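Both complexes below contain chain A, partnered by chain B and then by chain C.
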Partner chain A sequence: MRDAFFVMFSFLAILGGFLTVSRRSPMYSALSLMIFFGAVSGVMMILSAPFLALMQLMVYAGAILVLFLFVIMLLALREEDSGGERPWPLQLLAGIGCAVLFGLIAAAVLRREFVAWQPDKPGFGSPEEVGRTMFADFVLPFEVVSVLILAATMGAVVLAKKHLDKPEPPAQGGSTGTGGGH
Partner chain B sequence: MQLGVVENLSFLTPEILLTVTLGAVIALDIGGPKDRKGLVARLAATGLGATLLMVILTYFELETKQRARVFLFADSFVVDPFSMFFKLVAGVCSFMIALFAAKVRRIESQGEGEFYTLLLVTTLGIFLMAGVTDLVGMVVAIETLSIPSYILAGFYKRDRGSSEASLKYVLYGATASGSMLFGLAFLYGLSGTTSFQGISAAIASGRADVLSISLMLGLVLIGLGFKISAAPFHMWTPDVYEGSPTAVTAYLSTASKAGGFAILIRLFYSILARPEVASRPEGQWIPIGDPGWTTLVAVIAVVTMTIGNLAAYKQTNVKRLLAYSSIAHAGYILLGFVVMHGSGLMAMLFYIATYVFMNLGAFLCVIAVSEAGGGEEISDFRGLGWRAPFLGFCMAAFLFSLTGLPPLAGFVGKVYLFAALVEHGWVWLSVVAALNSAVSLYYYVRVVKTMYLEGIPRRAGDVVPLRIGSHFGIMLFVCLVPTILFGIYWQPLARLATWSVGASAPVEARPVAAHK
Partner chain C sequence: MLTLHNCLLLSALLFATGVFGVIARRNVLIVLMSIELMLNGVNVAFVSFAKFYPGSSLAPAGHVFVLLTMAVAAAEAAVGLAIVIAWFRNRKTTDTDDMRSLRW
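Up next, the complex of A and B:
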């Protein structure tokens, strides 16, 4: 039973991932990503991590995906903006890269069973246990993430704000890479 | 040694001070007086200076108490001389950059508050990278460095070059982070733990397979190779270095790289190697399972330095030239990594410490020239040796030091690296590296030649002096002193580097429960 669900969800995840990268229209890509998020959330459920599964649905399939869709709609991309077909050598190279990556991972998986995994604590994956892990073992990364998010917010402000009232001083004689395009 | 939360915090004073400073910078930027020209810069520089002081104090505390290392937060973070060395280097870089940037008009007009906040966050990221011994902390630390760096690269918003730099950096960076995370996820899957010691213990006990772990560490190497701009993950470097504000370029090429090397050494030496005698990390190291990763890194180092040096030949832009030079230097530093001996690690640390000063100095010259109304093309440096004698002299010294000519710091660094290589049987590698150094002389000297032998004034009265201002003059001097001093009297730095490797170095395998 569990295996059947696993096969179903992982198949959906692969399908969603494939559609995300293969669709020409960014809108369809984003929607395919939703399939992927949902399927991964299902896999997490099977791995007895219900809290993470719910968070995955709420944060990724909910908030982040909606944000993607908004951005895509606001940009109002037209067909010609989405870039043409890549030249075939590049496509071939990307294909080889993916194949090598897949080969490496498959080799690692086939060489050895992954560590036999079972929930080692009662209540594993529950909100209480996740919270305890986060605030006990991983309190340092947790706190640093808050600084990181602050910096990211600040970055959004830097990128979005306009100096309407304060024009930039005239460029100093050819300073700082005006010709950057290479 | 396990400590409670409060004792933990006392060893994190530098990090806490950094965080407090960045909070204060934000508060001052939002709520400070309207007419506060330069106040934010001064606050940030003061905070960084105080942080540096705390780093030095903690360093001394470790030495005097003879405590090689202190593990914090359930063994996920370590305070040891090795991490303190990198914190010292990164702290010095950030401090210097904060001082440089204070006089760059364009940063001021774009918003100082944002610039210094982001700079402080990146510094925090590097401090954490130096000390983490856990995969989760490692990812968070690397992203804490990366994400603000992407924004800083595009800080000159109306400048196409800067925007392009930012976009390229973020796209390459995301790909690199992605593959790294992929590798890390599999590392956890293979070993059942996220701690470096745990993974090492899992290999030792046979629960995890060395070859699979090595393959996954290969994926992680992509992410870290990107950070230190090692080939073939160096493609972004020239464009990003050229387009970014020069102060940011200087930062990316020094502090950011130092952080990358710190985590690279810690990760690989903790998981795939162990000291021959457990208490002597300054001696020989033995690769675990040896799937030939030292050879892989040796090849990467050779390719990196060769690509960097050959591509630097035909550059006409000074920043771009220095970008390729910094790629080449990443290759040199990687040489110490393959030696598998404490002397190699010590040479890396020594080289990083000297490289930071000469590279910062070279970029500072570029900033000073462009702030004084000059440009960033090599042709803009014509006759600079006559127009600004002190700046010309400093630039020449930094470039010769980067080449590795005696009696400058770069020479001593290279000697340590090559000596470590030869001593441990990597003669071919040191020959290739020496050839590379010789090749690099050409393009460094070309800049010096442009400064001194072109545009020579006919009469003394013809000289159009380029005034760089006392601020940049003093800072150039500050970079010049270690560049020359460590070329003549390098023993203290060498002793510090040796001690930093010997007293702690990467974490040895300790029995740690697979699941905490």
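Up next, the complex of A and C:
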């Protein structure tokens, strides 16, 4: 049962990832990315990380994917904006390179012997335990991440402003925001 | 079937797919999505190692690393998409080959 679900979710994840990089339109890519995120969440659930599976769904499928879809619809891309594809010999070369990369990692993995599947201790991977580990052993990384998110928020706001180096024309009604030192 | 080997192979395959997307595609939105693919592949590896080598902890360090990776991925997506919006507003293109203002 567990194996069957693992195979199914792995297959869905690989399919979603492959569709994401191969679709021509970014909208189809984003929708394939949704399949991928859901499947990875299923894999995490099978690997007894239920809290991470839920966070995967909330953060990736709920926030990042919606952000991608918003931007794709906001830009209203036309066919000529995306500039076509690379010529097929280059794509083939990239494919061979990535196959070699996968082969190297696979060879390194398959050389090793690992422990077999074992049943979990009760409470493994629950939100309570993840929180305990995070706030007992990883307080500093957690705080650093909060600073990173603050910086990213301000950076995104500043970057997406209308005119970065020109001041707002005074006569226009438009936005009367006073922020921003540009 | 559900062995650490297979989990790591899945992780490597997802990562390689993401690398292919970054190298072979010219649409910057798809390049950003491929970066998310790579980050997720690494997350699968973290969770697999946490499952098969938990040590004595009920929530090994791998689980915390995955949460931190998600935070970094969210920040990266926000800033990256803001750059895409600013670029598209100025140059009307999402082609990575046109983005060479900072290159020599």
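A few comments on the model shown:
Following the convention adopted for this analysis, the second predicted complex is superposed on the first by the 150 of 182 C-alpha atoms of A that agree within 3 Å, B and C clash if a C-alpha of one lies under 4 Å from a C-alpha of the other, contacts with A are read in each partner's own complex, and residues count from 1 in each chain.
To be clear about the criterion, a contact is a pair of C-beta atoms (placed from the backbone, for glycine too) under 8 Å apart; a residue touches a chain by one contact, two chains touch by 3 or more.
The shown structure was predicted, so the numbers you read here are calculated from the model rather than taken from an experiment.
For chain A, the partner with contacts to more residues, out of chain B and chain C, is C.
Of the two partner chains, chain C is the only one touched by A:13; chain B is not.
In the overlay built on the shared chain, the residue A:107 is in contact with chain B alone; chain C does not reach it. By the touch criterion defined above, A:147 lies against chain B but remains apart from chain C after alignment on the C-alpha atoms of chain A.
In the superposition on chain A, contact is made by A:56 with chain C only, not with chain B. Using the contact criterion defined above for the overlaid structures, shared-chain residue A:137 touches chain B and also reaches chain C. Put simply, chain A uses residues 101, 105, 109, 114-115, 117, 120, 137-138, 141, 145, 148, 151-152, 155, 157, 159 to touch chain B in one complex and chain C in the other.
Chain A meets chain B in the complex at residues 101, 104-105, 107-109, 111-112, 114-115, 117, 120, 136-141, 144-145, 147-148, 150-152, 154-155, 157-159, 161, 163, 166, 168-169, 172-182. Interface residues of chain C, counted against chain A in their complex, comprise 1-10, 12-21, 23-27, 29-30, 32-34, 36-37, 40, 43-44, 47-48, 50-54, 57-61, 63-64, 66-68, 70-79, 81-86, 88-89, 92-95, 97-98.
By the touch criterion given at the top, residues 2-3, 6-7, 10, 13-14, 17-18, 20-21, 23, 26, 29-30, 33, 36-37, 40, 43-44, 46-49, 51-52, 55-56, 59-60, 63-64, 67-68, 71-72, 74-75, 77, 81-86, 90-91, 94-95, 97-99, 101-102, 105-106, 109-110, 114-118, 120-121, 123-126, 129-130, 132-134, 137-138, 141-142, 145, 148-149, 151-153, 155-157, 159-160, 162, 164 of chain A touch chain C in their complex. For chain B in complex with chain A, the residues that touch the partner chain are 19, 22, 26, 72-74, 76-77, 105-106, 109-111, 114, 117-118, 121, 124, 128, 134, 136-137, 139-141, 143-144, 147-148, 150-151, 154-162, 164-165, 179, 186, 189-192, 202, 207-209, 211-212, 215-216, 218-219, 238-239, 242-246, 317, 319, 370-371, 373-377, 380, 514-516.
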